[in-house]
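Before anything else, here is the set of structures, which you'll find just below.
Two complexes come next, and they have one chain in common, chain A, joined by chain B in the first and chain C in the second.
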Partner chain A sequence: MSTTVHTTVAPREISTRPRPSDRLFRAILNVMSYSSLLILTLIGTFLIFRGFETFRDQGFKFITGFEWTSNVVDGVEKGTFGIGAMIIGTLLIAFTAIAIGVPISAMTALYLNFYAPAKAKALLTTILDLMAAFPSILFGLWGYFVLAPMAEYWAKLLYKYFRWIPIFDAPQPAFARSPFIAALVLTVMIIPIVTSVSREVFSQAPLDRIQAAYALGATKWAMIRTVVIPFGASGVVGGAMLGLGRAMGETVAIYMVLNIAFINNLHILYGVGGNVASMIVQKWGESGLVESKALLAAGFVLFMLTLIVNSIANLIVRYAVKSGK
Partner chain B sequence: MSAHEDLNSQNDNNGEDMTIANAQPSHAAPKSLSEVSANRLKDRTPGNAPLGTGLEARNIHAWFSKHLAVQDISLDFAAGTVTALIGPSGCGKSTFIRTLNRMHEFIPGAAMAGEVLLNGKDIYERGTDVTKIRLQIGMVFQKPNPFPSMTIGENVLSGLKLAQLKVTNKDDLMEECLERAGLWNEVKDRLGAHAGGLSGGQQQRLCIARSLAVNPKVLLMDEPCSALDPGSTLRIEETIGELAKSMTIIIVTHNMQQAARVSDYTAFFLSDGGPGKLIEVGPTNEIFSTPRDQRTENYVSGRFG
Partner chain C sequence: MATNATVVSAMKPTMPWQPTRGDRARSVIRLLISALLTYGIVALTPLKGKLAYFFVFIALSTFITAVDKFRAGGKKAAQDSFVSALALTAGVIVFLPVASILFTTVSRGVKGFHKTLLTDTMAKASITDPISMGGILHAIVGTIMIVLLASIISVPLSIMTALYLTEIKGRASGFIQFLVQAMSGIPSIVAGIFIYAAILVNTALRGSAIIGALALAILMIPTVTRTSQEVLRLIPNDLREAGLALGATQWKTVATIVLPAARSGLVTAFILGVARIAGETAPLLFTIGAADTLNLNPINGANSALPYYTWRTLTGGTPESMQRAWTAILVLLIVVLALFITARSISRRRIS
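After this line comes the complex of A and B, so read on.
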């Protein structure tokens, strides 16, 4: 307990005179560090600058609408643009991928840290690192040719037995190129990064607490539940956020497996979906001047969406996760 | 016939092992700590003593990868006694104590040889469930290590949760353990508070209370007071005195005064650059007053170490 004592003495200014070499180094670091912020700001500015006509013409309907048409009347290009279905689809696919991928990643990380023999650990770690660097077009091709037919069958099973859960229901039994399949491809793509981050935080679980648990007669699983998971939970959530970032921005792999349509669909098994980034790729080649502006505006919406979701996620990490640190 | 001679005759079948029983008293101290302990030791018969038969270490060797850290240590820890392990840093005391409840094997590359007998049964025997061993042989570490995400009360009972044991009355057990660890009066009004808010000494006593909750027969203490101030140290020493009535305690300490204050027996370890060895063991007052080995004499009189 400290008590406040009043005094007339003002605190002195604490300063030091850095050497020129230190100043130079600091200046270089400053430039490097702020360059990424600058680039991000420039991209955002560019998108809003090019897309603002669309925002002006379409208004709020651009975000809430479910229609995307463009035609030329008397030599004037006109269109109605609304990307509501794309935004819903992006979030639906990304969160489904997180829901499947994070438990797999966290358990893989626990296995690698606490159960795997040294050789298996080295092998799996190498493979996961390789997976992280794997080009997404290859995931897309694999998803299209290999995963999609299998996943279609799984979707049928889910539909048959779990359609009483709203998310597994579908208006018609059409399961090809569904958000579910896109989410599975994404799951495979986010597993390496989430596993890597989780492994890192789990490996930092304090040894003295691990020993305390063992000395009390804990089994390995009991020790992990009591010490490692409370300690690493926030880190796993952080890893999930990185995965979410990748999931929301992924373009080409989803473009290959998803049936992109401007229809409001929350049924993950139903073969109709949306994704902002893939939609931009799909429309870009054949778009006219006005439509291309709308696509840039869609890009800006995706940009903001990613920022907002990440900020919310950060808040969740900060306040909601019970930290074991 | 004195108590010490009696002990020797009882343990003759132990061969040439350097056990507590082999300690040769050079003079008969009237009603000393050692005599009290020796009387306890005399009454001990394998299998039916109320506290069990204590713990026996036979020819313990311990390696870290290829490096032999502890060589051929045999020590008997009679039930209901406090044994202090002393010696300079790096002499293998901590390594040895960690072989006694199988904590040594957590270090990658660690290996051991020899036997540790709890109630006459080797704890390293094939097919042994190590978690059951650690329930019977508890441990308190150098640095207090309560679980920070748990409350004080949850910490005390954490061993039950970890080992999946059931008790009928948790509140009574919690109070009993905190009482025995000498912490009850200080925390009884804030059992729901997080353990991180306690002082270092309180945290260490919380760790002692935590290890008591699973009712171990033996408690290993690896320099439990080295991170604490003198007041907290005193409280823990009082706790040790109380606990010794109902369990066997083995304590590693760098503080020779502490060894003299709390222990019935003292074992002196030393490494001459190679692996740590047991130099001498005996009743604590004799180790400090009339050690047989010159190296022990040098160490306890502060001439080195």
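After this line comes the complex of A and C, so read on.
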């Protein structure tokens, strides 16, 4: 006698629904990934919250005004705060640094991608990574003790031979601790980031077109001009803007090499200037309650400025890198 | 069978792209002419110093080479040689400041080393005292505490964000990526005054190591996130699929397969993050108070840190305080270099 056992297999339900542990996992990651949004929002909120009174009292003059005075009248702290001169100084220094640094960075990126022998490439890449890791206070110290004396002499030469160009003119021949020197220190500081972004975009230039150019008998420069530069130019622009964001927010190095004064100075060789970030450090120690609120408001302006520049830069870089894929 | 032997003349390989002996001689002559002219020009004009020699030599040799190439190969060859000279020059220009910074820091900083440098604090010495008094123990301990606390806050957040971007790839990925990049552009001083405005203004808390660590954590998050994201992206999808095929949940796959596989890369990300914040000065000016003595309590009382100590000694203005600044920055540089080399050797081992 044989027994047959009939087992009915219940159809197993197949679902793509994640199990509870996975749902928890995903929920946690989802929430945590918004921490950057939370931090950015908190920064903006707190700075504008603390600086609110300044924005209310000074109005639009806070951005465009050139005066920064604070005094106590009858026990009440009053002040006129306008960071116009400092914003102009920030932009002047940052753009000078970009003007010097971007050509060097772009050429270095070209050298690394197309000219350098393997050993030089490895060495230079290490050096660039190292430069990016140096503390900013080290750049400041070096700038003050080593670069500034040399740069002062270069400034004298520039003044002597090129003072007919308005930007190289100066009201007095005082060249120590000028925006020019600050810009040179910043140049060294932004070279790593601009180079690495440019290099990444250049390296994605389509190989078939490069080889096609060589096959048609192009010299290396002709190949670069016709293939790499049209392809990578937007990447260099993006890298330059990332460098600009870095340059605008730099504090300690600028504070050490620049003679910070509340003067609207457009002569880069002349030894006074300003920068929003270093001004905050300079005024912080002796500021009263009202003035420190104005400084926090200045911090908010700096935050928004760098945020906008960086966001545009990132969009450009993302677009440039994507177009190569 | 062929009987008549054919004479096969062995072709000598020619390498037309290699410079001939004549080319080499020409380039040596060009460099010699440039060197002589450089010497003359620097002697006759107000340019002076080693850098003047360097730049005049570069300009002249570029120009002379271009002219020579123009005679041999016309305009295109001249342009080509000009640009390759410029590219090489840019590489050298990048090299110069780094060499100068390393040389200056080491040569100036070494003079301040003394027996109690790493074992004493500034409790009984002022920054203008002779250099053999006091030490930087408090600053080193402060830096270690602040960096560790900042890592404890930021590394889990960063790795979870990176996991969201690589494992879940949710709808908000693009947006989150954008935010992380925006965060990496926050000026360090803004992080400092934000913590000041958010915590120190309206509470009874005063500056301490943990407050400083909060500010630095903001700066550390984007670096660690982006590096770990790169690392997680390199983990082959086969591993993930194998985990899922064995019936593991996504959580188990990530925890037991993906993360262990990426371990060394995540350590690299952590070290790079530490290197990013170890030298930050500006945020600490607003957040850690000012201490000259050893403070082992991270949540209470003012503290110090190497970059902050450097900043403080710079304000002294005497040769002794400047010497202290150079020595402190040298110690900081050694720390950063050690972190950097460790990170590189770990990531290299992973690749090979």
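As a convention for this text, the second predicted complex is superposed on the first by the 273 of 325 C-alpha atoms of A that agree within 3 Å, B and C clash if a C-alpha of one lies under 4 Å from a C-alpha of the other, contacts with A are read in each partner's own complex, and residues count from 1 in each chain.
Operating definition for what follows: a contact is a pair of C-beta atoms (placed from the backbone, for glycine too) under 8 Å apart; a residue touches a chain by one contact, two chains touch by 3 or more.
Computed from a predicted structure; not experimentally measured.
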First (chain B), second (chain C), both or neither touched by A:P230: first
Which of chain B and chain C A:I191 touches, first, second, both or neither: second
Partner chain in contact with A:F134 - chain B first, chain C second, else both or neither: second
Partner chain(s) touched by A:D208 [first = chain B, second = chain C, both, neither]: first
Which of chain B and chain C A:L242 touches, first, second, both or neither: second
Larger contact residue set on chain A - chain B or chain C: C
Which of chain B and chain C A:T219 touches, first, second, both or neither: both
Chain B versus chain C as contact partner of A:L47, first or second or both or neither: second
Chain B and chain C footprints on chain A, overlapping residues: 219, 222
Chain A-touching residues of chain B, taken from the complex the two chains share: 101, 103, 106, 131-132, 134-135, 138-139, 141, 143, 145-149, 158-159, 161-164, 207, 210-211, 214
Complex interface listing, chain A residues touching chain C: 18-19, 21-22, 24-26, 28-30, 32-37, 39-40, 42-43, 46-47, 49-50, 103-108, 110-112, 114-116, 120, 124, 126-131, 133-139, 141-142, 145-147, 150, 153, 157, 160, 188, 191, 195, 219-222, 224, 242, 245-246, 248-252, 256, 277, 280-281, 284, 295-296, 299, 302-303, 306-307, 309-311, 313-314
Contact set on chain C toward chain A in their complex: 46-49, 51, 76-77, 79-80, 82-84, 86-91, 93-95, 97-98, 100-101, 104-105, 108, 157, 160-161, 163-165, 167-168, 170, 172, 176, 178-191, 193-194, 196-198, 201, 218, 221-222, 225, 249-252, 254, 275-276, 278-282, 285-286, 307, 310-311, 314, 325-326, 329, 332-333, 336-337, 339-340, 344
Complex contacts: residues of chain A adjacent to chain B: 206, 208-209, 211-219, 222-223, 226-227, 230-231, 322-325
